[in-house]
Amino acid sequence: MNTRALVLAAVQVIVMAVLSPLLVGLMRQVRARMEGRAGAGVLQPARDLRKLFAKEPLRAEGTSWVMSVGPVVLVASSALVCVLVPLVGTITFPLVPDDLFVMVSVLLLGTVALALVGLDAGSAFGGMGSSRHMTIAALVEPTVLVSVYALSIPVGSSSLSAIVHGRLVHPSSVVAPVSLLALVALFVAVVAETGRMPVDNPSTHLELTMIHEAMVLESSGRDLAWLELGSWLRLGALLGLVGSLLAPWGIASSVTPLSLLIGVLALVAKLVVLGSALAAGEVFLAKLRLFRVPELLAGSFVLAFLAVTASYLVVQA
Amino acid sequence: MSANLFDQLIGLSAGVLLLTSVLLVWKRSLVAAARLLAAQGVALASLVAVIGVFDHDRQLVAVAGLVLVLKGLVLPWVLDRSRIRTGAVREETPLMNTTAALLALSLLTMLAYLVSQPLRVLAPGPTTAAVPVGISLVLYGFLLLTTRRHAISQLVGFLLLDNGIAAVAFLTSGGVPFVVELGASLDVLLVVLILRVLTSRMTVKFGGADLDDLTDLRD
Amino acid sequence: MTLVQAGLLAQVAATCLALAAAAVVGPRHRARFAGAAIVASGIAGAVTGALALAGGRGSVTLPVSLPFDPVVLAPDRLGGFFMIVAGAVGAVAALYGIGYVQGAAASRTSWSAMAIFVLALQLVPAADDAVSFLLLWELMAVSSTVLLLADHARRAAVRSAALWYAVMTHLSFLLLLLGFAVLAAAGGGTGFGSMARVSSVSTAASAAFVLLILGFASKAGIVPLHVWLPRAHPEAPSHVSALMSAAMVKMGVYGALLVSVRLMPGGPVWWGLLLIALGGVSAVYGILQASVATDLKRMLAYSTSENVGLMFLALGTGLLLRSYGIGGPADAAIAACLLLVAGHAAFKTTLFLGAGSILHATGERDLDRLGGLTARMPVTSMAFGIGALGAAALPVTSGFVAEWALLQSLIHGANTQNRLVSVVMPIAVTVVALTAGLALLAFVKAYGIAFLARPRGEGAATAHESGRAMRVAMLTAAASVIALGLAPGPLLTAAGAAAGLPRVGPVGWWGIDLSGIGALLDPLALTTMAAAVLVPVLLVSVRLARRLPRRRVALPWGGGGVRLSPRMQYTATSYAEPLSRVFDDALRPERDVLVTHSAESRYLVERVQFRQYLDDIVETTVYRPGIALMDRIGLAARRLQNGSIHRYLGYSFFALVAILIVVSL
Amino acid sequence: MGVLVLVPLTVCLALAALTAFLRTPALCRFSGLVAAATVLASGVALSAAVLAGSIPTAGSLLRVDALSAFMLGVVGAVGLTATWGGLPVAGAPAHDWMYSTLVTLFLGAMSLAVLADNLGVLWIAVEATTIATAFLVGHNRTRRSLEAAWKYVVLGSVGVAIAFLGLVLLYAATVAAGRPTLSWIALTQGHLALDPSLLKVAGALAVLGFATKAGLAPMHSWLPDAHSQAPAPVSGLMSGVLLSVAFYAILRVQAVVDPVLGAGLMRGLLVAAGLLSLTVAAALIIRQRDLKRMLAYSSIEHMGLLALAAAIGGTLAIAAALLHVLGHGLAKSSLFVVSGRILAAEGTTQIADLRGLLTRRPVMAVPYLVGMAALLGLPPFSLFFSEVAIVVAGFQRGLGWAMAVAVGLVLVLFAGLARHSASIALGPASPGLAEPDPPGRSAPLVLALGSLAVIGFTAGPLPLLLSQAAAVLVGAR
């Protein structure tokens, strides 16, 4: 366990903990403005969090420990993802590869926790949300794995930081058709995984269309706060990952205050750009029927798979 | 006895054997069947006797006597008794009509000649030349067994088949060892007696000896 | 007498003890004595396996009355590995059985069969020649059939399951018999030693390979030979299901390894492809069926066929890569196969034992009638939860480590100039990924529906925690799941020794290092890291909790505070409904919706009834027609024996004439 | 030594005569049992003698080599199982004198068949079994049993007559070779210059004839009827040993023919017969409705396997065949005894009418299931080993394709038998309580099935006897 990695990890977690509420706030704000509303301001999510932490959590009848443990697991897993993914820098722990598969399965741990929370109260909506959530997660996983796999081929390693570093060294590979295909696929996957339009409408209040919201219906107080924070962290981390893959520049490959600062600023920039882009996109999209979502995912999967095969042809050519 | 005469006698009795058996297939009367079998038995006995005399083989002559008694008298008599018990007079409707049966005979005879070819090349001579007759008797007997509906005609078929085997035995090698010959004939006798008992039981139980009634046991 | 010999004999002795106990001891204490003896034999088996794995040698020769080549038991390293698995599972299952069995399953017969079953499981990997292998293989099959039949008098399902099982397992035996016979003919002996001399590229070798692999596949529950599995596992007593699924099915995998690694290494390329195809298909098919199944044990059975599929896929990958001389990834793949074996043994035992406790406590197997068991059965709930984590391959469990290794080997194996490999590997990755995703859904469903929310039936409402023996057994199994997940290093070392893989080994704190492909993982480190990020979260929670110590219980907010009746909850069926829609073509479920309109107006609906039947399409499209055909043949054949003596004489006459013609030509 | 050879024959004859004339209940009850015991004892004694290296003979007609000794032991063992298991319940009326006489004669005839050195005598003995069993098959005097008896006698004796024709031609061949004889030892060891083309016809006919008695398709037709109608012990005897004795005759003939003609002819005949038998058995067991007929068809199956083993040849296959004969004899006779008890208790052997025996009548169902397991070739029973050995040897000696076909058919048979047995034994206990079974009745079954379970493993003299018996034939090749 070298200290540089530790420092970097700490920085990433803290930065993301701070940034992710702001990121969500930003996205909501952008949406509001584009829809002609005033919006609640970028800080609103942070305020919500504070409020929720202060509130008393209620426990629905017949719920179990899952109700209170699940949220913690979710937020912890998201935080762990923030550690593993190269956001600010690309220094890794020797024994724990910031491995694509490790990252994904840690992510899924959170997913599962969320799904169980949804089921625990035994309300119809919770079950519905949980079922849909898991279905999508199950269908997304191949896309995620295969697309990052495609990106991993040029560097010959499934370590994310290795991939990012490799792209930093060979900028040409960023705009290579292969990597573009893979990135598009990955982006769709991220959208689905984090429950954004067109897969899920984060700001809906019609239960029947909910996925994420339906699962957290029964939570309140700090439980809800953890759930929200956890899912925001995921969003941030995944967007950040896309960002570092799409534009690896500025990411720190050594731990000096300066490089870290640059890394953080670069990260902020990427998140701002990607976040507003995503929000802007959502304005123009309508939510898909749940049973059309698989088509979308299948499409993205095909892209990823093409990316893989293509990259072999490229390698061999 | 001169070889010439021997040839003729052998040929004669073999001819009688063949003729009687063809008649057995031809005629459907069960009354006649018994007589024909008796005649065939006599012919067989004479065949054995001739061979015995020619070879100066006393034992064989004795066997000839045995054959005469058994196949010429006892078995036909048993057959007739049981026929009377069943009260049948003729095979009503064989599965294979007479014409077809006779045609089949010719084919079977050819087969018999084909089969006994090796014997005839092995030890050329009047007796081996007559072996095909014996084999055709066997085949005729089998044909009767397969195509006749009445219990008695199956008995006839069995006896015919048995005569055939005996004929082959004597023609090829002057008969199998005496013990075997004795045992074999005893077995045949017993089988025939058993069949007779069964026939009579059948007539009691089924009121007839038509084998088409025997189809309870099936899958 | 070497230690291994002593171990082999010890197992036999313990089994005899168990048989004696089963026969002599009265019903009140039978379970305790017989069970204890079986536990002993299981432990003996595991120890013997460990000795053999460590390189210990020793053999026992069976006296047989036919002039075969010597019939010998002599475990090698690979066999030792599987002996450990079988012995451990056997011990745990027997321990569980002490508390579990009741009624017919507690009879003399069942306990004796159990003893023999466990013994056979432990000795199959010890066989050193075809005859003893087949002998033990059949003993295994027979005893398990007897166990499966325990409840035949009460449930017709048991009878049909046993019949399916018996026939399929005999099919597997006959295929093995043919395969080994081919090898014995080619190698000039039934000893594995002489079989190993057969050149792997000969036609005989390929024929034997196909026969043997099919035989082992049908034991391992590989699609399309899996049909017995979803019938037998649910109907057997649960500790037997655990044995079957965690140990017996593995013997199929052992066989595959035996054939492709020990007897005929370096076969042609298509051997690997065959294994990959078989494995991939049954992985996806199995997990699909599992994720839509509503019978808990049936779902576990299908997930078994998924996991075995992954094992075959891993092995196939190893063979494929080896045949192209891609050594490092090949080693990783085969190591992954063995990791999967051990990992699956651990968590599937846990799951089946947990399912058994549920059945024991509620009399229910149907998820749609379960629910809310966490409160009533905390221990079971914990154990099952851990098992489910393992089955979903989530960190840090045995399942996670194994699948990580598999994916690593796949990805690194693909880094080659070989077109075939670089086409196959991505497909394999996809298969594994899809499988993992669906497994996640399946087990969230299983755990969430069975243990969370409200009881959906009386059985679940009146459930109770199970007895001590059962709890201990379950916790042991669950602990092994975590242990293998946290410290897989030793296991990997064992796997490397078993299959002779130089390029794998431990690293860090019992972490695993696939040095052939430069990938390493230390779950303990990962866990500590998780703990580190967990600390602040917990601190915050605790501080807040101190301010508001106890949570107020309130009505659930089902979109407006309502008193939910259990019937308003999602059931297993509805949970999997979106998925079964997505894979409609693959699963072909039968749905019927009954709408009863009210008497006044057909625009008012009294009630709507939704039913969904899910048959195994392989069974309905392949096996049932086959059986029907055989039946028709059977009916037609009756005409052969229509009772007419003339026809019978005709047969003989025909034969006579035919033969005369033949000989005289 | 020679005396020992005569013991079984004389004892059987004497007992038969006594029973026939005195007709005391004790004789009627036990004569068969005593005869069987004697045969078994002398079989064991002769085996010991043979293993000690001596070749007991009596006159020029009887000669005991390892094969004969083994077969005599089989006759005795199976006979003991059948007669002992077939003893009427204590108190029930004993068998009538005729039954006992015929059973005793039957045993005597089979002993003669295996002890004979002269093929003619062998033939006479085989034919004598037909005569002895004819009335046993028809013993129940019902319409059906009468029908069965008729078919049995006609088909059986016609077939055996064909065999006699074959022997006659064989004798003719020896005559032509200048040393007229039917003595097996002379035929195999005497270096006679037999004419191949004639021997071909002779051997084919002899095998065809004995195959009728051995129940090999297509000459098997009498078998299901006779087995289903005969009293259970008799069915056990017929299916357990009579078939095997006829098969033994085939083995002897084969040993005469093969050295002259090479293995080709016999191999062709036996493979064809074996596969055909398996096919017929499989096809007719699938939808079988009667328990005893089902057992009969399974006998045809096992005879088919034996035929294949004979076709394969070689020490392993022949030893396996002999072990298979013993195993099948014990299992099948036990099963027929059980079926007889089931018939007595349930009043039917229709598979559809028998349900849930395991819960209702365990004393019958358990031995039934065990015997069936043995018959299906499951370990630890010896048939497992013999079947494995046959398949392995088949591949080693170039009959792999036949083995593959056979194994496929065996699977079908397994499915059919398992299905029927499950429907008979398993399931809930319908009302209709079992009356307690008198103690001791299961002793013979326990004995038979128990020994069946161990003989596969014995390291004792059995392996030696088997290999020597095989050597008798293989050496003759």
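So that you can tell them apart, the chains are marked A, B, C and D in the order they are listed, and the count of residues begins at 1 in each.
Everything below uses one rule, namely that a contact is a pair of C-beta atoms (placed from the backbone, for glycine too) under 8 Å apart; a residue touches a chain by one contact, two chains touch by 3 or more.
Nothing here was measured: the structure is a model prediction, and the numbers come from that model.
Participant: With contacts counted as defined, which of the two, A-C or B-D, has more C-beta pairs across the interface?
Facilitator: Of A-C and B-D, more C-beta pairs in contact link A-C.
Participant: Most remote chain relative to chain D, going by C-alpha centroids?
Facilitator: A
Participant: Approximately how many whole Å separate the CA-defined centres of chain A and chain C?
Facilitator: Averaging C-alpha atoms per chain gives centres 35 Å apart.
Participant: Could you give the separation in Å between the centres of chain A and chain B, each centre being the mean of its C-alpha atoms?
Facilitator: Centre-to-centre distance between chain A and chain B: 100 Å.
Participant: Quick check: how many Å separate the C-alpha centres of chain B and chain D?
Facilitator: Chain centroid spacing, chain B to chain D, equals 31 Å.
Participant: When the C-alpha atoms of chain B and chain C are each averaged to a single point, how far apart are the two points in Å?
Facilitator: 69
Participant: Residues of chain B that contact two or more other chains, please.
Facilitator: Residue numbers touching two or more other chains: 115, 117, 142, 145, 211, 214-217, 219.
Participant: Which chain D residues touch at least two other chains?
Facilitator: 150-151, 154, 158, 162, 200-201, 224, 284, 287
Participant: Enumerate the residues of chain A that touch no fewer than two other chains.
Facilitator: There are none in chain A.
Participant: Could you list each pair of chains that touch one another?
Facilitator: Taking the chains two at a time, the touching pairs are A-C, B-C, B-D, C-D.
Participant: Looking at the complex, which residues from chain D come into contact with chain B?
Facilitator: Those residues of chain D that touch chain B are 61, 118, 120-121, 123-124, 127-128, 130-131, 134-135, 138, 141, 143-144, 146-151, 153-154, 157-158, 161-162, 164-165, 167-169, 171-173, 175-176, 180, 182, 195, 197-198, 200-201, 224-225, 228-229, 284, 287-289, 293.
Participant: Which residues of chain B touch chain C once you look at their complex with the stated criterion?
Facilitator: Contacts found on chain B: 95, 108, 111, 114-115, 117, 139, 142-143, 145-147, 149, 211-212, 214-219.
Participant: For chain C, which residues are in contact with chain A within the complex?
Facilitator: Within the complex, chain C contacts chain A at residues 291, 371-372, 374-375, 392-395, 400, 403-404, 407-408, 411-412, 414-415, 417, 419, 422-423, 426, 429-430, 433-434, 436-438, 440-441, 444-445, 447-449, 451-454, 507-509, 511, 518-522, 525-526, 529-530, 533-534, 537-538, 540-541, 544, 548, 551-559, 564, 566, 568-570, 574-579, 581-582.
Participant: Using the touch rule from the top, collect the residues of chain D that touch chain C in their complex.
Facilitator: 150-151, 154-155, 158-159, 162, 200-201, 204-205, 208, 212, 218-219, 221-222, 224, 265, 269, 280, 283-287, 315-316, 319-320, 323, 356, 358-359, 373, 376, 378-380, 382, 384-386, 388-389, 391-392, 394-396, 400, 403-404, 407, 410-412, 414-416, 418-419, 422, 426-429, 455-459, 462-463, 466-467
Participant: In their shared complex, at which residues does chain B touch chain D?
Facilitator: 115, 117-119, 122-123, 135, 138, 142, 145, 151, 154, 158, 161-162, 164-165, 168-169, 172-174, 176-177, 179-180, 183-184, 187, 190-191, 194-195, 198, 201-202, 205-206, 211, 214-217, 219
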